[in-house]
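Reviewing the structure listed below.
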Amino acid sequence: MGIEGSRQEAQSDRIRLGMVGGGQGAFIGAVHRIAARLDDQFALVAGALSSDPARAKASAAEIGIAPDRSYGSYEEMAKAESARPDGIEAVSIVTPNNVHAPAARAFLEAGIHVICDKPMTTTVAEAEGLVDLVKKTGKVFVLTHNYTGYPMIRQARAMVAAGELGDIRVVQVEYPQDWLTERAELSGSKQAEWRTDPKRSGAGGSIGDIGTHAYNLAAFVSGLETEALLAQLTTFVPGRLLDDDVQILLRYHGGARGMLWASQVAVGNENGLKLRVYGTKGGLEWTQADPNYLWFTRFGEPRQLLTRAGAGAGPQAARVSRVPAGHPEGYLEGFATIYAEAARAIRAARSGAAPDADVIYPTVEDGLEGMRFIEAAVASSKGGNVWTRLR
Amino acid sequence: MGIEGSRQEAQSDRIRLGMVGGGQGAFIGAVHRIAARLDDQFALVAGALSSDPARAKASAAEIGIAPDRSYGSYEEMAKAESARPDGIEAVSIVTPNNVHAPAARAFLEAGIHVICDKPMTTTVAEAEGLVDLVKKTGKVFVLTHNYTGYPMIRQARAMVAAGELGDIRVVQVEYPQDWLTERAELSGSKQAEWRTDPKRSGAGGSIGDIGTHAYNLAAFVSGLETEALLAQLTTFVPGRLLDDDVQILLRYHGGARGMLWASQVAVGNENGLKLRVYGTKGGLEWTQADPNYLWFTRFGEPRQLLTRAGAGAGPQAARVSRVPAGHPEGYLEGFATIYAEAARAIRAARSGAAPDADVIYPTVEDGLEGMRFIEAAVASSKGGNVWTRLR
Amino acid sequence: MGIEGSRQEAQSDRIRLGMVGGGQGAFIGAVHRIAARLDDQFALVAGALSSDPARAKASAAEIGIAPDRSYGSYEEMAKAESARPDGIEAVSIVTPNNVHAPAARAFLEAGIHVICDKPMTTTVAEAEGLVDLVKKTGKVFVLTHNYTGYPMIRQARAMVAAGELGDIRVVQVEYPQDWLTERAELSGSKQAEWRTDPKRSGAGGSIGDIGTHAYNLAAFVSGLETEALLAQLTTFVPGRLLDDDVQILLRYHGGARGMLWASQVAVGNENGLKLRVYGTKGGLEWTQADPNYLWFTRFGEPRQLLTRAGAGAGPQAARVSRVPAGHPEGYLEGFATIYAEAARAIRAARSGAAPDADVIYPTVEDGLEGMRFIEAAVASSKGGNVWTRLR
Amino acid sequence: MGIEGSRQEAQSDRIRLGMVGGGQGAFIGAVHRIAARLDDQFALVAGALSSDPARAKASAAEIGIAPDRSYGSYEEMAKAESARPDGIEAVSIVTPNNVHAPAARAFLEAGIHVICDKPMTTTVAEAEGLVDLVKKTGKVFVLTHNYTGYPMIRQARAMVAAGELGDIRVVQVEYPQDWLTERAELSGSKQAEWRTDPKRSGAGGSIGDIGTHAYNLAAFVSGLETEALLAQLTTFVPGRLLDDDVQILLRYHGGARGMLWASQVAVGNENGLKLRVYGTKGGLEWTQADPNYLWFTRFGEPRQLLTRAGAGAGPQAARVSRVPAGHPEGYLEGFATIYAEAARAIRAARSGAAPDADVIYPTVEDGLEGMRFIEAAVASSKGGNVWTRLR
C-alpha cells in the first residue's frame, strides 16, 4: 500500500441527521448520503425526501428510515423532530434551489444545524436573511461547495496563504460541461428540468449551477475578494429560459484580475472544473477530473506535480486524505470531507465550544457571496456588460 | 451535475459484519470499513482487531463496536458470534498474510461468510485447503482484489469478452511503487515490516503484495489462462529478505504473450498499476492512478478516451458507478464495489439462491491461482529463470 | 517507421531569398532561416542582417552570404538586389515591429515578394497602406503567423469548414507565458527589451507579441469574423511600459462568443498557446506544446484523440506532414510549412498563375486584421473596457 | 518568444554529401535529407538513389542532384566521387539493411566518411568487419540511432552520468507500434515489404527495426553494459517470416535488471518508444511522442517535469536545442542533431583533429552491439528462452 494510514475514521457517537429532498430519481441526494456515511460521523434517521408523498414514503423505506420519521414536508419534519428527545441534530437540504431558504429557516428556527446545497437561495435578499438567522440562532450552517473538500485544493489554499505564490496577479477558473448542448429539459431529464426553470433555479442557469462553484473555488484558494465583475451571459440553446454559457471578467481588491468561464454547451467536457492561480513568485494549476494532482511552479524552476498524500503535499492535504498517495480519491471523498468538517463543527457546538481552528467549510456568508455573484452577473449582463460591484 | 443518478445505494436490512485485524495503526482496516459502509450494505458489529488485547479494545471502542463483541482472538470471535442469534453473518479478514488461512477456516467452519484480503494464503497447499472448505461449506468467499471493482476495468473486461479486441495477442501489466527504495522496514513502518518478513508474508515480497494484483487484473480483463511463466525476482535493497522487484514473462493458453513487472523500488511511482491488452482488432489501456479513463483503439481508427459513466461506457461500468461522468471515482469506490458484490452474493445465500449473473467478485479459486502464481514465480526464479507451469 | 513518405521535399530550382534583421543574437532570424531551408525551396543569398554594420557583416559571413550581398540597410538592399539579374525574388523581414512596414514597402515597390513577421505594423494606418500596396504591386505577401502551419491546425480548420462541429458557439483561446514575470528587460535580454518598448513594438505589449497569434489562430480555425471586443489590458510588472496581461471578450458575427487570454506573467507556462472551439455538434481542443494531437468530440460520443498523419487525420493535415504518425513534428516544421506555402505562391507568381487552391498562408489582410485587433483592444481597455468594433 | 536564441546554425563551408538509397517512394531518405539540411552543414551533391536506374535518375533530378553525379550503383559512385577533386566527403546510406555493410565498405575504402542507417548490418560478422575497417581507415562512421539526438535524452544521459539517479537498478524500455497488426506486406507497402523479408532485413524483424532502437537508447542513457539477455520473439501474424513482437529480460553488469518490449502489433500505438530508468536516488521517464518533456523524481521529493530549454534542463540539452522552451522540437530536429554531430566530427577530421569532447553520436561499435543484441535475442528465443551472453 505504501504508507501508513494517516486518518481516523469512525465514531460510535454518530450525529443524528435528517434529509430534505433526495428521494428516488434525485442524483444529489444519494451523493449526500454517501458523503455523510463515508467517515461514519452521521446516522440518517429522518427524512422529507419528496414533495410527492408516495415517493417520499417509498424512498424512506428503501434507505432504512423508519416510517414514523418519514415526513410529508420539511415543516412537519422540523416540528416533529425538534420535539423528540432523540430528534435530529442536523439536516441536509438537497432540493431544487427555491426550497433551500425556507427549509433552512424552518430547521434553524427549530434549533437544528443545517447542511445545505448550493446556490444557497434564489435571491440576495433571501441569503441576507439566512445570514442573520444563522447569526441569531448560533447554529452551524454548512454550504456544500464540495470542491473545497478536495485535499489538493486545501493544499493549494495553504500554499497561497503561506505566500508561496507571492502576490496573486491572475486567476483563471472555468467549469465547462456539455450535457445541455441540446434541449435535454424536454427529454425527461429531471436534472435538466429544474436547472433550466427560473421558478426553481432563480435568475441564473449555468451561472448558479456551476458558475458559483467556480467562483467559490477561486476565492477559496486565492483568498482574494472581488471588487467588481463584468459578465456576458448567453443562452445558446433556442427556447431555453436561463443562461447556458457564462463569460466573466473579475477585478479583485489589490489589483489581481480574473477570468471565469462556465458553460453547459462545450462539447467534449463532462465536469471540467479547472483553476489556475498565478502570483509574483509561483503558479498553481488544478483540475477536478484529476483531483489528486496539483501542478506547482516556482518562477524559474521546473514544474512540480504534487500528489495527494505524496511528497510535497503538506498537513492541510494530509488532514483530509484517507488513502495513500497513488490511490486516487474522488468526488465522493471530497464531498465527505465537507460532511466530516460539519461533524467537527457540530460536535464542538454540542459542547458549546468553537470548532478547532483547522476546521474549514463553506459558510452562510459564502452562500451570500455566491448569490451576490449571481445577481451582479445577471445585472452586468443585462446592463450591457458593464463593471458591477458585488456590494 | 450532468446525468441522472443511476444507482441505488442504501439498505435498511444491513448484513452483520465482523473484522479480524485492522486495529489502530493498520492502514487497510480503515479502507475495508469505509468500503463496507459506502453503499450501506453492512453493519460492523464485532471485531478481533488486534493480537494485542489493549489495542484490540481501544480500537473497538474507537469505531463503535460494543465491548462485549470485541474479542481477543479470531477463534474466540468465531465461536462466540456463531452462537449468538444476532451473530455476524460475514467477516472481513485484514491481517498479515499468514493469518488469512487459519482465520478463514475458523469462520467458514462456523458458518460465516468470508471477505479476505490478498494474497489469500502463504502457500498453495493452504489455498487448496480453503478451496475445498469453501466448496464443502457453501459459504460465500470474496477475495479483495479490489482493482477489479473499478468501473472501467469492468468495461474493459466486457469489451474483451464481447470480442471488441479480437483474439488477444499481447498483455502488458505493471505495478511499480517506490516506497521500499530504502529500507523502510527498519524505520518503524509497520506496513513495511510485515510485508518484508517471510514469516508473515510468505515466500513472496513484492510479488505477493502487488504482483498478485497485477496478475489477477490481467486475467480478469483478458479472460486468458496462464500456461507457464518465467520469472526473475530480485532483492535490490541490501539486507531485505524478500523480493522487491519482479520481472515475468507469461505464456497464455491460445498463444498470447505477456509481460508483468512489479517493483517497490521504482522511484517516482506511487501505485502505478497499469494494464494494456492488445488483440487482432483493438487495444485497451488503463491506469489505476487515473481510473475513470479507458483508452480504446480499434485498428485503423482514432484512439478513443472512454470515461466512466460517459459516452462509450456500457452497462457493466454503469452498474458499478455512483456519480456522473467527469466526477472522478477512486480507490475507495472500487473497493466498495467488491463489498457491494459480496453483499449481493450474501443476500442471495440468505435465501438459498444463487446471486444474479452479473454479480462479479474475485473468488477463492482466484486466490488459489494467485498462490500458484507466487509459487511458480519463486520456483522459476530460483531455478534459473525457466518456464514453469502453474499446475 | 510505420507509413509511406507522403510528401515531396526538395527542389533544384530554389527561390532566391534575402533577409532583413536576424543578425547575431536575434532569435527569430535563425528560426526563419531553418524554416526556409527545411523543405529546400529557398536559397538565402542576401541580407541586411543588422542595423549595426559590423554585426551585419559578421552575421552574413557566418551564414554564408557573400560579402557583396551583405547590405548596411534594407533600402540599399532593395535597390541593389532589384538591379541584379540574379537578385532576390523574395525577402524575409524579421526585425522589431516598427521596421516591418517601411521595409516591406521598399521591397514591394522594388518588385520583390515579402515574407514578414507579425504583428505586421505598429498602426492600423500603416497596415492599410500595406494592403493597398500589395494589391497595387500584385506581389506575394506572407505574414508568419506560424501556428497556422501546424498540421492539426489545418485539420481543425478543415473540420470546422466541413461542418463537423455544426454552428460554432464558443471559442476559447489563450496564450500564457511566464518569461516577463520579472523585469527581464532590465537584465540584458534583447528579446525583452524591444518587446516592452513602445517605440519598437507599437501600442501593444503582450497583445501584439502573443495576443495577435491567439486571435489569428482562433479566426483561422473557426472561420468566424469578429463583430466587437471588450478588453482589459494590464501591466502587472511595475515600471513596464506596455501590457503584460490581456483579457478579452469577443463577439463574433453570427452569435458565437469568445474569450481570449494572453499573459507574460503566468508562472509555469512556457508557450502555452491553446485553442478550444465548440459548436452545436462537436468540440475541438489543441495545444501548441503538444501539437501532433487534436481532441475531437462529437456530441454524445467518446472523445477522440486525432494524431498528425494518424487515423482520423485527413488530407489537409497530410498535405503539410513530413514524417509518419507517432514521430512528433514541432515548431520549426510548422514554421517551415508557412515558407513552403509561400514558395508555392511565389512559384505560381513566376508563371503568372494563381497558386493552387489548397495553398494557405496568412495574408496582408490578416495582418491588417491583427492591427485592428490591437488598436481596438487598446482603445477598449483605455475607454473603460467597453465593447469596441474592429472596423 | 521567451528566451534568447542559444545556438548557431548555418555554415558557408558545407560538407559535400552523397546518398545511397532514398529514391522516390522511400520514406527515410527524405528524413535524412531534411536532417542534413536543417543546420546547413551539408550540401547533397551526389546520389545512387535507387537500384532501379530510371527511378534513380528521376529521383536525382527532383532533388537537384546534377545528372552526372547521379549513379547507377554505390560502387560506381564510390569510385567516381573519390576520383573527383570536388568529390563527396561523406555518404549517407539509407537502404534496406542488407546493403548497409557492402556500401559502407565501399565508401570507407574510398576514403569517404559514412553516415549509416540502423541496424548496421545483417550479421555480427559483417558488423565486426566494419568495426575493423573503420579502425583501419580512420574515417568517421555515424550510425543514425536518431533518438539519441533528442535534447531531453541528452539531458537524461547527463543526469545519470552525474549520479543524480544513484546506482541504476531497473531499466524499462519499450517500443510499441501497430502498423503491422495485419499483413501490410501483402498490400503494397514498400516499408512493410522489406522489413518483413529476411533477405533484406536479416534474422530479425521488429527486433531489428525497432528493438535495436530501444536497446540502444537504454544503453545510451543508462550507461549500462549488458551481461546477458533472455528473449521471447513471436510472430503473431500468420504467414509473416520475421518476428513482430519481442519480449526480453536484460541483465546488466553491476546488477541492474531490465525489460524490453517491442511490438508491431500493439493496436493504438504509433511510435511509442518509452524509456524509464530507476536508481537508488532517483528515477527518469521519457516518451518519444512527447520528447520535450523529461520526468525526474528524486526519492522522497515531488515529481518534476523538466522541459527542453526550460528550467532544470542543463547544458547537454541546451547544446542541441534550437528554439525556446515551450516551442516543441520533434523527430526531424533530433535526427538533424545526429547530422550536426557528424558534421562536427567530419570537420575535425578535415583538420586531423579529434572532435570536441562534447560531440556525441552512435558509433560503429554501437552498431556492432546492436547486431550482437539481435543475434543473441534470436538465439535465446530459438533455444527456448535461455540466458544468452552478447559476447
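For the reader, a short list of remarks on this structure follows.
Read from first to last, the chains carry the letters A, B, C and D; within each, the first residue is number 1.
One rule holds in what follows: contacts are C-beta pairs under 8 Å (C-beta built on N, C-alpha and C of every residue); 3 or more make two chains touch, one makes a residue touch a chain.
Chain labels with UniProt names: A, B, C, D = Oxidoreductase.
Predicted model, so just to flag it, every value in this text is computed and none were measured.
Comparing mean CA positions across the assembly, the chain most remote from chain B is C. Interface note: chain A and chain D, two copies of one sequence, contact each other through mostly matching residue numbers (shared numbers exceed half of all numbers used). A count of C-beta contacts for the chain pairs B-C and B-D puts B-D on top. In this assembly, the C-alpha centroid of chain B lies 43 Å from the C-alpha centroid of chain D. Once the centre of each chain is set as its mean CA position, chain B and chain C turn out to be 55 Å apart. Touching of two or more other chains is recorded for residues 269, 296, 303, 307, 310 of chain D.
The part of chain A that touches chain B in the complex is made up of residues 1-5, 7-14, 25-31, 33-34, 37-40, 61-65, 177, 179, 189-191, 269-272, 288-292, 307, 310, 322-333. For chain D in complex with chain B, the touching residues are 165, 169-170, 172, 174, 178, 181-182, 230, 232, 234, 236, 245, 247, 249, 255, 257, 259, 261, 263, 265-269, 276, 278-285, 295-299, 303, 384-385, 387. Residues of chain B touching chain C in their complex: 296, 300-307, 310-312.
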